[in-house]
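We just call them A, B, C, D and E in the order they show up, numbering each chain from 1.
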């Protein structure tokens, strides 16, 4: 097992190197740089001054020189410095990553909490009315653009009904560490989480449903029935456990999307997470941040796949990693 | 650019017009509320932004206007200005100009204290210069007139560690000497001190990320930062011994709200004040619990014509007589073809004003009121074109130049929701007078890319639509002088050079003289039309009816410490 | 004869296909007595599994219609509810399936799967259950029960798996064991072992075994009685010695003629024309075998063929058996059907 | 006359493992197997599942590349031939597959199925081709009208015949039949077996008949090789194998065959017990220290047994 | 000898199993929803495509400052947008564009993914290894980010380039799917059989294996078509959608990001949203019916 993980991690290294080079080349291929944006409508900076700043930031070097410098830094554990946010990227990420992760995990968990029972009902009563309703819902969710749904949720529950806060991650007056603080945090998470989760359920529902439909007619289920196992136990012990395997394996891939995956929600709910940072870094040509993002994203998906494989091998005795 | 340049407080200009007269839109620039203020009120201010705050709370380092908007509450400049953007002595410091108009001497008032209780000293201002001019400094604040301080370039190159032109005579007095008597000395110097002691031990390249800037910013304004929730909110409390008097409000919360919810947040009282964009304005117009105030911004949107190239080696713009847009008549015709009024009133719902000159009305007294700009006149446009030899010879309603196909390429930014309609409308307007105009690459461009192309004189671009923030200093050299890189039209004109020099000459210390110079200059621009201003913008604020003394008038004496509320809770 | 255990009366199992029901088991009546092995033989598709699954109530309820009676201890298993049925299944009637790989849950250990049966039918303590399981594993000839107890199905060979399936089926000492082609998927040597095992268990526990197979040799070695099915019906039925000594029904006789055995040295094998008709196309009137023996004229068949007791305890359907002959001397060397357009 | 010689055939499949997924070991699917096929005979390969029967067949067919050994057909060593030569030679050896359902491409019509080998090797006009196909269809007892039908429109036995017709089009001398009837019902099985015998007579075919049903093997084969763990344990005529098995494994295999006569029931059980006992007692004598089968030794002209 | 040459006709007929197409058709006839969807989709799309040729794109995208945000009326059937442009015209052209995009992307990724999947699966070994490592690498690329970068870099950004950019990052799933199926398929005897007849590899791949994957290809095609129709709407929200000269459903829906439009000007965004929904649903229903047809197990009784 450990050998397997280690080997996989070793394989990641060349992929990441390639990825970073690609990211750098792409970043440099984009027109403009971090100063172009700051110049926008600002007559105080002269073009000459801008040129001076570019030189200072090393923006005039060719991409491979910048890449070499960056790689050197990375080797020393330094991700680089954000030109735009004027701070080291580690700190920049550190400030926001927890919020994005928290939101994403809430969404992920809620998605599963919603999708699993729905998928089960749908699969169990396949082609019956509960299945039709759930399938209908999941199509609707699939076809609805996130931002429309999020806006509607926001207006209905935030403004019209006034049940939940409409932006931010926590009430500023709540004292950190107090119960009130955590309640406030939780309240702020409700709407973005729901908006994200309600329309993210489709894949899981459909997957689970078809897995259950498939599992239902498997021979071992018939064996279980022949043993006299009651129907409810047939589901809980036999059908569901087997149907969950692909879902569980999927978890790893889902984690891939956690980093910077909630841009739209974060924007609508003024939630200060990584998503905006990501778009902004592209818009403002903040190369080091862009590259760092690509790297972290790539790393996350690599670990996600690894995690999927590990999960799969732990839940499915047939796949054992030596 | 951002809000750092304009000063929150100054006394009303003598005999100055009220804000209403700055334009034709029906907005007051101050809220009206005669009710009794509630003691120790609490107010929520919404910072409208599509993303989180960057959280760089120091004038020397911040990058985006939302951070600046927050800083307005706790980190003003030392000097106040009047509605002409000339320094006054009402602020935290008084000033004096030397005879030769090369030296400005600031005296910081006694009760001006940092939020940690320490006095704001002359040395703190010096420190600020030492930082922004330092070779390790990576921000963009070392600009404008401040580069003309004696010896500062030497310091900037790292050749010396003293700035020759800045002298401290006593702990509260500082004099700054410039190499030439630039009129900008009374409107454009860097007057944000930096707490030297507080930043002790922080190296300059690490300042922007330091705790002193991000977590515990210290200013000397009416409110001080109590707590920051990174990216989303700040809570401020009043500074009881603020030198202009104890602020009325006890507590202020500044929080980021998404543009999409700004109107709704105002309407249900979630925030008391927030800036509004055009489409939220529509929504908020009807809200009973709101007053809308506005002021015309120090900016204008324009279409520019590429007339030449920037010669990097010679560091000057060079006009190309064969440029497609070289014909003045063509440019004027294109200007006449645009229905600016409809753009302002229909597309922008009256939140914009048709522009007449390249100094916006807010930049008075230099704004030339007599200029009428190019008023919409299709016939005139057509005639101009006909006369200049742009005639439709093929009968397809598209003009040819001397019988040859004539096609103009137009570049525009995609910077807001209406940008597409705006740019498309311009295109159609030109088509209506028979000019074939196409978007560069068939689409609008993202801002960074747009400026990159315009600045690099992308040969494909003939016409471009952009905007400028003029800042409070009327000197337009930064974008009009032939040497500067931002002279995007690459327009070179002897008269222009002359007037620009005149505008910053010692005589220009005389406002009257300067007004005349710039009026003449504005006319020149109008006639030559290297670029044509299209509209001026209004900054609109939605304000809850319980708010009192929120005044956005330029040069107002009413400061943030005067803001009060007349109800305990926001009106819904 | 011993006591009746299970009595199937006029069982008709029909599947819904496109809104219509088609019977795969058509009026089958079988009585199972204590302590005997009854074999059911027939070609693929003649309804053997459908019958077995009907007894266990394992058909998809929505698509299957069961008519007739399956009486076990005076309870009609067709009529009782799911709960009652579950008390019988696995407890009084056990079942062994054909494919030992798929019949076991890949995610549960062998131990868990056997104990699951005990969970629902006994009140044994945990320790007792484990003890019983180990004992069962030993009984079915697993060499190291303690080890196998913790293993997963995929870690076992085919023969071992089939032993586990048997262990599950007999965990609660059922009085009836239904084995649907328990050895078809296995090698000859393993088949012999499994059959021996079944036999051994049967003689130890005295339970009754219904053995479904298509291999007549297996029947010869194992069964006391044999039931020959064709197209959903029982066509011949009797004690093994009698049927094997003198098969009566044309179908049974053809079957015997068509298998190559180690012993006989016939040059050519008999070929039964055609194939077992699908339940959709089946002509349900008259003798169902008659299309496959076209040379026997139709008046030789009964109009409504019934089971006749040809000799004591030896039943055969339709009168055609009396006049049946093989077509020519090289028995039935005719190629079967070709497509007529 | 010897048609095919398999000399010291070895097929090893690598087992990967360790940190870099290197080959750590091999599955010796076929481990040094040699036998010969004479013109016109049917040679049977039997053995339990996984003993390497199919692998041997596939290696002869070049579907699997042998690790080592020679396959000499008509005195030509397949391993030494050039690609082109091999392609031509290969026509003489054809295969019938176990599963009549999966061995016919369900998306192709009968004509395309049967003509496939022809199209690869012969240039024929469409009419010529059609004629040939119809001819072979008739040979296997299917009406020529079936030519435009799809495989799913046929019964298992008919499908197997289509497969056989297809193998015949190249006029092979040797046919490798890998369990050609084990997926079929008894009645259909009889039909196919009879048919294979008829063809053999007509075309003077040689069969390598792979199977695990000992009844079928006995019925079909002249000589039989018994495989166990990739090795031949015994080889001889049908009589020799069935009547006088010498190797303990062969004995066990024979003993396991159920007897069709109910009367012999007790006897059979006793016999099996006896063989089993013999096996437990003496099996060590038949395998070397590693549990590997010994090399074959002649005990008569036709009979070879793996004895130490 | 004569015995086996002679053909014996008997009265018995072998059950005729229906071919793929007729199974699909039967499935459609069973499933009223799918049949309805199919008919509806054909009608809708032919209307849209024909109509969009009648409509002049230039006219539809013309800004009219005197008709901003008009509610539906006789002149503007579905009102106008922020630039006074006719929503109905944009809806028609937008539907055409969005569907064309969805279809093209799906086609490209199907062909490309299929090709690689076939090669990787059929040959296996190191070819498979190389291709799959490439696929793995493509999978870790941050899709959104790279798309945005490309959208910015590419000078002539249009429906065509959009399609290619999207396709470049969406084919991997297809390749994996096809590969896994081919891996299973190539073990089947008919592939082995073809090899023994000396059929060259490329013929085996395209003439033998590929037709047998047709049903799964068709099913995955329809399902991803449904998904790809709304492809640009998310990107439009972030400002990287299509230029206004090519109206799309995404652009129309994105007007809803202005709360005023969302709350008060339903005619701007709702029709496009509904259009996406019904397109997706009907394609989905068709896809599901096809899936049932390919998957006999799920076939309705």
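As a working rule, a residue touches a chain if its C-beta (ideal position, glycine included) is under 8 Å from a C-beta of that chain, and two chains touch if they have at least 3 such contacts.
Chain by chain, the UniProt names read as follows: A, E = Peptide ABC transporter permease; C, D = Peptide ABC transporter ATP-binding protein.
These numbers come from a predicted model, not from an experiment.
Summarising the inter-chain layout, the chain whose CA centre lies farthest from the centre of chain C is B. Among all pairs of chains, A-B has the largest number of C-beta pairs in contact. In whole angstrom, the spacing between the mean C-alpha positions of chain C and chain D is 31.
Between chain B and chain E the centroid-to-centroid distance comes to 48 Å (mean Cα coordinates, whole Å). Contacts with at least two other chains are made by residues 275, 333, 335-340 of chain C.
For chain B, the set of residues that touch two or more other chains comprises 260-261, 264, 446, 449. In chain A, the positions touching at least two other chains are 30-31, 151, 155, 279.
Of all the residues in chain E, the ones that touch chain A in their complex are 136-137, 139-142, 144-146, 148-149, 152-153, 227, 230, 233-234, 237-238, 253-254, 256-257, 259, 262-263, 269, 273, 276-277, 280-281, 284, 297-298, 300.
Chain A makes touch with chain C in their complex at residues 218-220, 222-231, 233, 237-238, 241-242, 245, 315-318.
Chain E meets chain D in the complex at residues 1, 3-9, 14, 16-17, 19, 188-190, 192-200, 208, 211-212, 214.
Residues 260-261, 263-264, 279-280, 282-283, 339, 342-343, 346-347, 414, 417-418, 420-421, 424-425, 428, 439, 441-444, 446, 449 of chain B are the ones touching chain E in the complex. Residue ranges of chain E in contact with chain B, taken from their complex: 61-63, 65-66, 68, 82-85, 152, 155-158, 239, 243-245, 257-264.
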